[in-house]
Amino acid sequence: MNRIKEKLQEDKKLLSIYFTAGYPDLNDTVSIIQDLEKNGIDMIEIGLPFSDPLADGPTIQNSSTAALKNGMTTEILFNQLKDIRKTVNIPLIIMGYFNPMLQYGVEAFCKKCEEIGIDGLIIPDLPVDVYHDEYQAIFKKYGLINVFLITPQTSDDRIRFIDSVSNGFIYMVSSASVTGNTSGFGDDQKDYFQRIHNMGLNNPQIVGFGISDNKSYTEATQYAKGAIIGSAFIKFLTKNGVGKIADFVKSIR
Amino acid sequence: MNRIKEKLQEDKKLLSIYFTAGYPDLNDTVSIIQDLEKNGIDMIEIGLPFSDPLADGPTIQNSSTAALKNGMTTEILFNQLKDIRKTVNIPLIIMGYFNPMLQYGVEAFCKKCEEIGIDGLIIPDLPVDVYHDEYQAIFKKYGLINVFLITPQTSDDRIRFIDSVSNGFIYMVSSASVTGNTSGFGDDQKDYFQRIHNMGLNNPQIVGFGISDNKSYTEATQYAKGAIIGSAFIKFLTKNGVGKIADFVKSIR
Amino acid sequence: GYYGEFGGAFIPEMLYPNVEELRQNYLKVMNEPEFQKEFKQLLKDYVGRPSPLYFAKRLSEKYNTKIYLKREDLNHTGAHKINNTIGQILMAKRLGKTRIIAETGAGQHGVATATVCALMGMECIVYMGEIDIARQAPNVARMKMLGAKVVPALSGSRTLKDATNEAIRDWINNPVNTHYIIGSAIGPHPYPDMVTRFQAVISEEIKWQLQEQEGRENPDYVVACIGGGSNAAGTYYHYLHNEDVGIIAVEAAGKGINSGESAATSVLGKEGIIHGCKTLLMQTPDGQITEPYSISAGLDYPGVGPMHAHLSKTGRAEFMSITDDDAMEAGLELSKLEGIIPAIETSHALAIFKHKTFKPNDVIVMSLSGRGDKDLQNYIDYFNI
Amino acid sequence: GYYGEFGGAFIPEMLYPNVEELRQNYLKVMNEPEFQKEFKQLLKDYVGRPSPLYFAKRLSEKYNTKIYLKREDLNHTGAHKINNTIGQILMAKRLGKTRIIAETGAGQHGVATATVCALMGMECIVYMGEIDIARQAPNVARMKMLGAKVVPALSGSRTLKDATNEAIRDWINNPVNTHYIIGSAIGPHPYPDMVTRFQAVISEEIKWQLQEQEGRENPDYVVACIGGGSNAAGTYYHYLHNEDVGIIAVEAAGKGINSGESAATSVLGKEGIIHGCKTLLMQTPDGQITEPYSISAGLDYPGVGPMHAHLSKTGRAEFMSITDDDAMEAGLELSKLEGIIPAIETSHALAIFKHKTFKPNDVIVMSLSGRGDKDLQNYIDYFNI
């Protein structure tokens, strides 16, 4: 069984961390992953950097720009990860924009992910409709879970469609926003979390965008299976380097 | 009898000098006139400076600008000249543009000229037609001769008309040009001088524009009654001041 | 050649053959069907006429009246100037001229002249005051790109009036092959009349455009800014003898009528002679022509065209003067309300709404004589944008 | 939503409601008679359409063929851009939007957007790369005068592509009240189609104008320069399915196709995804989008619109690439021959005559997409004027 599905069946709220591969330094990838697992993180999104990450705010974009400047490429990332499953057991997801995957070849990309032991992908600019029509078969072939986003503006009909296409979890974007844009949740978000919760979807939801501390993590996971932290972690790395990841995790839960 | 007419009856070629009143210094006017007469000049054009002398080249324009900066006005010029006839006998002509005369009042201007003993006017931008229709009576009333210009482009008919309106001499512009623009004469000019000479006009012609030295003076007066020097004299004053006028006259004839 | 007591041709004899040739031929040439056809064709395909008559909805709402803008800013080269230069270059060709001279202040007329000379493959010399050359560098570059030679006027105040003097001198020196394209409704007869007739296409169009949009040929007012006054002359032309149509002429008050820095000729000027015509002009008591001032390079001419002097003297037109400050504010206002950045000349006309109240049903047609791109630096500096 | 294999809407889910709302409504709205009436009226009275179809006599003589220039340079704000922004602002109004965002490179689309926002009294935010803000100061000032807020894009290369990213982010953050006016025939479906339809007025006019002047609707060639490709799309639109009409697309070769400083996407680009659509784009082997180069700020986009990618792939259009040097010379040539200073974008199209020989009887219609005033400093520096 896919590690993501296994993890989702655990009776606990999940904490997932996003980081940009190749940041702060080109070869930090593996040690960051290992440290995160060691500190009890449940799941990791490994960011494949892109020149034009239009769903991301300045924090993640800057880390992507730096990673590219450090020399990160798809090939190098795959190389860094080739032995990752010898040391790491938690689910690993690659999160990246569609164009680099397209240039690598979507099937070649998926195949490589399977070889390495990647469990899923998050591709913000590959719409569910296109995935469903053109790529679902390939993902299935290589046992990859594809994760789709929903937002407060996503209609119920579309949520149900996304739920039907999903086979792991749904990435519930907390507010109409790019990454790193807001912090904490207001009544609007809570109503939205409640509304989705009440829909009784097949796939559990994990909340992303706007989670940066214990308070927002607790609020987010009140209605959802877990939460993803991205920008706040990148900011922490920028400030503190890769040596103090334990402190960051402790500050969240 | 008007001094200009008397002078024109003398059996000699005439040398007439133009200078800008108020240049180089505001109060040079009278002494320049006196010096010119002393050195045998036959007739003088006293330039009333104007801000926009569009028939003049840079030399005379610059002297006009300087004269105006020195404070020269119509009133001051008349004041400077009020006793001129106590010391000077040769014909004096005021040469200036029409607007300052218009502002002074054409009749008042003419009256003042008569009082002072000015013999004629040259007003480049008062066309013969307008003069003939509107101002001739006033000029006659105050005994002033008005001098008109002809150029190589002036048609024979128009020359005859100008001749008919003139009652002193005709100012024969040597070439299509503003003042100070050319030096010496070519075949075109000589043909033109000859042509005018052959017309047998009632009024004698005095050549102006392009006369700067003995050679051009001699050429100009071969067919004409005399010649007027302007820019060359202004240049001389600019370079040598007012003390050496005798040298200038000697260099011409 | 006269508008009442104004106009005429007060020119040195050296210019007589040139001006006379033009005087004898201009109406004849203009009335030739072949000439009209070519003129109209170029105005349509090259200049982009008819220029729209645009109902300025938001501006009208703000001032509770009906304001139409005649969009001369949309002409090729960005102002009304080209109507005249197209006409004159065709005239010059028919008179057998091969060399064109022009004067320019801010450079707009210079550009319009260089443009038509390029179009016709004619030699082009533009006189421009040395000071204006320095402060209007983009237009100087434009003229050069168009193949014109730009000659600095080094005399006098080294601005427009001196450039005009230099152009006239050039014409005196080149009496046979050269046509002088004067840029405004000024100069010796027949220039004011000829320029006005070429610009009259403005009011000719207004008539049928207003008929189309308002069901009537005649607005209650036609309004234009006045430097020399060619856009105004064209805007008024077909309404001059229709007393139902009010005429408003807007001059530049500069820093204030009595500030000593102004260009409000109708108030400050006296009858006199400038550049070959009798008109109102700003001068010393002694008859020396003075240097006017306006923030708008196109309005700081010390005279007005003789037609406008006549309209002022007879009271046919209402003359208003607008300060630099009011003009700049009005320019910014039009930008924000209608998305049109006007030339600062035009901004003077636009500022009248601050000072004069019109009736809600009044139909006002205003000449939007030029676009503001050329004045952008001025606007930037003024508003500290 | 596709042109062959190109196009689509590769957008984050956060944009789905916005884009879907537009997709569902744009054709319906565009076809409403009320919409068409208002659109046509503004194009006529405000933009100044029809833009002339001008037979360039001297240019034609020089290259011994028949060249017509479609004068988009005479539109209000000086380029074809406004055809689209007028259309989109009316669309935004009908969709109940109150806030407009746009991206801009050289500032032309930003000015055209700020203009229509002023016209409609809508809030306007324009994203512009920090580097472009510095080098296009006059257009920044223009936008501000028009009441727009100009926000610097500080990310990535801080030029057009990053400004586009920022605009998309803004839209993600403001999904309900905001319409994003994309300036070229790019972006997620329905943008390329919608922009093309708004620009199609260009070829719609060419058809009847050419009929009037040449007695035929169809030229032998339609030619346009291509950055994103909106002026080209509009110029080709009504001829796309008429194989008698050759289509020529002119890209910027920059300092040469193989110089590493170029923007010739059809040669250097590969299929990929940029700003929400699948098209040809310049990228690293790894799929990172690269920064293109051209002397023309309007052509240095790393992609082309999906319609053009399709025209290139299928061979329906002939793609040519023109270097900086050839473009600059062609711009100067048009200035001197026809009195029209073209935008440097357009100069690229004009330069094809140096490289491709046409038959004497060929009728070529070229889109003169914009005027060169905005590029004057470039011309001055290049030719040392």
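Note that the chains take the letters A, B, C and D in the order they are written out, and that residue 1 is the start of every chain.
What we mean here is this: a residue touches a chain if its C-beta (ideal position, glycine included) is under 8 Å from a C-beta of that chain, and two chains touch if they have at least 3 such contacts.
Chain by chain, the UniProt names read as follows: A, B = Tryptophan synthase alpha chain.
Just so we're clear, the structure is a prediction, and the values are computed from it rather than from any experiment.
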item: From chain C, the most remote chain by mean C-alpha position; value: A
item: Chain centre separation (chain B, chain D; CA means) in Å; value: 66
item: Gap in Å, rounded to a whole number, between the CA centres of chain B and chain A; value: 97
item: Chain A and chain D: spacing of chain centres that average the CA atoms, whole Å; value: 37
item: Chain D, residues touching no fewer than two other chains; value: none
item: Residues of chain B touching at least two other chains; value: none
item: Touching pairs - complete list by chain label; value: A-D, B-C, C-D
item: Touch list for chain B against partner chain C, complex; value: 50-55, 57-58, 61-62, 65, 68, 73-75, 97-104, 124-128, 130, 148-151, 153-155, 158, 162, 173, 176-178, 181
item: Residues of chain C touching chain B in the complex; value: 8-14, 16-17, 154-156, 161-162, 165, 168-169, 172-176, 270-276, 283, 285-290
item: Footprint of chain C on chain D - complex, ascending; value: 44-48, 51-55, 58, 71, 73-76, 78, 114-119, 121, 138, 141-142, 144-147, 332, 335-341, 373, 376-377, 379-380, 383, 385
